[in-house]
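Take a look at the following structure, please.
We call the chains A, B and C, going by the order they appear; numbering starts again at 1 in every chain.
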Amino acid sequence: MLVDQYSPFEGKMLQILDKDGNVLDESLVPQIPDEDLVKLMKTMLYTRTADRKALMYQRQGRMLTYAPNEGQEACQVGSAYALAKKDWMAPAFRELGAWLQRGVDLKTIFLYWYGNEMGSKVADDIRILPVSIPISSQCLHAVGLAMAARKRGLDEVSIAYFGDGGTSEGDFHEALNLAGVYKAATVFFCQNNQWSISVPKHFQTASETFAQKAYAYGFKGIKVDGNDILAVYVATKEAVERGRKGEGPTLIEGYTYRLGPHTTSDDPTRYREEQEVDEWREKDPIKRFRIYLERRGLWSDEMEKQFVQEADEEVERAFKEVEQSGNTQFDDIFKYQYEKMTPLLEEQYAEYKAFFQERGML
Amino acid sequence: MPVLNNVQAVNYALMQEMERDPSVVVFGEDAGYEGGVFRATVDLQEKFGVERCFDTPISESGIVGAAVGMAINGLKPVVELQFCGFTYPAFNQIISHVSRMRNRSRGRFTLPMVIRFPSGGGIRALEHHSESPEVLFAHIPGLKIVMPSTPYDTKGLLTAAIRDPDPVIFMEPKRIYRAFKQEVPEEDYVIEIGKANVVKEGEDLTIVTWGAMVKDTLKAVEEANKKGIFPEVIDLRTIAPLDREAIIQSVKKTGRILVVQEAVKSFGVASEIIALVNEKAFLHLEAPPARVAAPDIIVPLPRGEQYYMPNPDMIYEKILEVVNFLT
Amino acid sequence: MIQEFKFPDIGEGIHEGKLLKWHMEVGDTIQAGDTIAEVETDKVNAELPSPYSGKVIALLAEEGGIIYVGQVLIKVDTGEVGKSQDQTVEPVAEENAGVVGALEASSEVIPASAEGRKQEAAIPPKRKVLATPVARKMAYDLGVDLRNVTGTGPGGRVMKADIAAAAEKTTAGDSEASKPEQKHETKLEAASKDRNQIERVPLSMIRKTIAKKMVQSKHTAPHATAMDEVDVTELVKFRETAKGHFDEDIHLTFMPFIMKAIVLALKKNPKINSSLDDETEEILLKKYYHLGIAVDTEEGLTVPVVRNVDQKSIVRLAKELNDLGQRARNRKLTIDELKESTFSITNYGAVGSIFGVPVINYPEVAIMGIGKISKKPVVIEDELVIRHMLPLSMSFDHRVVDGGDAGRFMNDVKKYLSDPYRLLLL
């Protein structure tokens, strides 16, 4: 098993494609249909397009605070590709590629970042919990989802996403501990993007790797090149399969880099060197996958140009729709507090509604 | 009909609901094999197996956070936190997720779950075992907070809490866990969450209270009755959503209000009730609204606790004060 | 000393257990800490250690039997005399402030829930009044029972104007509006802890009248009071001398002189001898001088009237005062003798008081309070001398009389009283 072959204690990191798209070990290359390989490429490109445009919309004053993903597309798309439809995903807030990979409508995602809770109401057949902002708190939900599945006799697996900083939270510990104790079918996916806002890795932990932390909880961890979509996929695939077979949780550290700011309100030039960013740009996940696909004759500049243009238009269309109809309906802010409004809420609802109606705001 | 004390009534309700609904799971620290430090979950593991009633690591946030995931994935978790003072590590989960999941997901994900724990003081325990934190929960939109005062109510309310489509904080006044017994019907019944109970009708003033203080209030009222004073006593049963109608109706009848709470006086449930009365029954008030509560201090350790806990004598004195206020 | 060891609550909130095995026998000598017995409860199985050292003199439970928290299990003779220092140990063991505390445990069965059963008929609601706190305060101050006031505000709310109207009606003689309900009184009184120390005394007619008139006066006329002292040394001398000139049956007090002085001053200050017509907003200056003299009787205060004081001699006034006073105390006065006073005097000096704030005998506009004459050190021409001083306190209706008016009137009264010759010659 990869988790055994790539022990974090031996300083190993699973990598299939190097930064220039060369295959390092042919035996590790997963059997992915060509059609899917192209789709993965398109999803990464679509993610990047949407991400860049979201940043632009924010800078144009059209979008609210947004958490960019650039540089982490392989971690997100590759891991999500390893999940079955029945599997559960408990995201943090920087997983645009995973959302898109699982089939969530971009309009819904934008609606969330536009400031409307309706953006968290994903389609009923997509198993993604809403964005979870309190760091690592969602890890426990993933454990609960997997525990419930097992108690109900279902072979569903859950995946929790969090960052390098998220491993410092108590809930990370409690989640891994519980998962270890109950052998929960949970994949803990740490996107180690090197920075928690302005704080570098060595202020988050004295551990050599994040992956090794799993061993303290009685299960296995693996560090993968998070900018190599093939490595991310195979590691996640193995973890998911092990979970499904009842072999318990796995911790995956996706070694990657956040090329952009933490959020649109962050200025990373204050705390990190441009040179570091440039180095990581060289390791870009899309770049190396493009070369790999081109060599396999599955991708070309022309295809990319055409797809990016289409994506651009589609993103634009989605965002415009959000802009046109994305404001929160007054009723909605009262409607979902409880299954049924309490008498108190009914009264307040009427009172506030009348106030805004009188002023022509409703 | 079984005659049970309050903690036995908790057990009885859990037993019946686990029997009735296979999606109900019960877990917490010592809640499995041992049946809980207060024996509220005793025999459940033996009867329903370790998959449905189990022990957890000492991990309050973990217990509640995992319950969130389970509730989303088709179970009805009824978790036990060992003491009121140990609920705080779980606050992030409770405030950030338990109360919000329905709203955040616009109804896509709901959390039919119950968080049970023993609450309140008067059992000569260690620090962190005696507080009455109901208002901390009541201040959070999206939660329901229930606190029974009798074995009959305990079963009816806990059953209702388990069946409720929204998360319910079920606070058990541990001081009266074994203080008295009552007939508890074997048949299925629920007590509606959000409805208060007029435990004693009267006309001279309205006393609103809940949990263990109901018993102390009734003691004081008995004394007052001897003096020809007949207070109406309302047992809230549910702290949130508050049965505002019951309180307002009663105050309109009596013109006077006294709220008895075990928690510290300021910024509490009593404050909210009095604000409500002022908003809704202002013109009916014949005396200033009054409170009997603990002083605004940290709960003393057992050798000083008697100075902290509101008692029947205090309630009695306050009844006289309110009734004697001339208008 | 014999110590008892009671079965403590060793779980949190257990109330019974089973005695599995004794670890000692009667007659054994034991040390504190030795195991007394093994017990089983629904929470724990445990050995109970003895808090006492001494000789076991009784084992009070059967092996295999049920024991209850608080039940005495063994008795130990500690061999000590008197109050044992171990005594404090026992409650500690019994209270068991253990890991998670000790619950009160009891087998008391409380009544079954009445949930869902037919409720007993509710107590019919009392008539409740809608009013703001400020209105309630106003009603309380005016002696108006809100339950008898019809509210004209929104939803029947009693407005301040309603209370004012009710108060006015009361003063106009309609006692209905302020008649408190018997039930209310009972409740308030019953609520008092000193209930047995209260005796109920029904109001006499006189008392009711006084109460009503006092309230009316205080609520209608804004009272102000002026106080002063008069040097009456000359008057005292004069009265001493004059006493010998009268028949024996005449009791000559200072009152006729004071009345005379007041009437003279009233003539000079006509506003003080008046009343106010609220409706026409006119002051009625009265050209007759009927003085009401407050008389303290067993039944309460009564104010007979000496008519046309200006036309009567000191002797005549003395006689009338004697006569009226006596008949007042015997309740022989006629209604006519209590009417139409234009100014009143109250002599609380008779009971030793110095100053007071008298309540105006409404609708008059002023009343003179007479204090006790006493010898006082006074400075005259830079010398300290002893003089007889009469304290005066005059309350006046500030709607009609101003401070200046009152002061001038007071000065005139002083002038006459300090110079009895002037008083008698005018």
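Note that in this section a contact is a pair of C-beta atoms (placed from the backbone, for glycine too) under 8 Å apart; a residue touches a chain by one contact, two chains touch by 3 or more.
As the structure is a prediction and not an experimental result, all values here were calculated from the model.
Visitor: State the chain with the largest centre-to-centre distance from chain C, centres being mean CA positions.
Guide: It is A.
Visitor: Pick the chain whose C-alpha centre of mass, unweighted, sits closest to the average of all protein C-alpha coordinates shown.
Guide: B
Visitor: Using mean CA coordinates as chain centres, what's the chain B-chain C distance in Å?
Guide: 43
Visitor: If you average the Cα atoms of chain A and of chain C to get two centres, how far apart are those centres in Å?
Guide: Inter-chain centre distance comes to 77 Å.
Visitor: Mind checking the centre-to-centre distance between chain A and chain B? Centres are C-alpha means, answer in whole Å.
Guide: Distance between chain centres, rounded to whole Å: 40 Å.
Visitor: Applying the document's contact rule, which stretches of chain A touch chain B when the two form their complex?
Guide: Going by the criterion above, the answer is residues 88, 90, 117-118, 120-122, 124, 129-130, 132-134, 137, 139-149, 151-152, 156, 158, 170-171, 174-175, 177-178, 181, 332, 335-339, 342-345.
Visitor: Which positions of chain C touch chain B when the two form their complex?
Guide: 12-15, 42-43, 95-97, 99-113, 115-116, 120, 122-123, 125-126, 128, 130-133, 136-137, 139-140, 146, 155, 157, 186-188, 190-193, 195
Visitor: For a test of understanding, state which residues of chain B touch chain C in their complex under the given definition.
Guide: Within the complex, chain B touches chain C at residues 3, 7, 37-39, 42, 83, 122-126, 129-130, 150, 152-153, 156, 174-183, 189, 191, 197, 201-204, 227-230, 252-253, 255, 282-286, 302, 320, 323-324, 326-327.
Visitor: Which of the residues in chain B end up touching chain A in this complex?
Guide: Within the complex, chain B contacts chain A at residues 23, 25, 51-52, 56-57, 59, 61-62, 64-75, 77, 89, 92-93, 96-97, 101-110, 141-142, 144, 165-166, 194, 241-242, 244-245.
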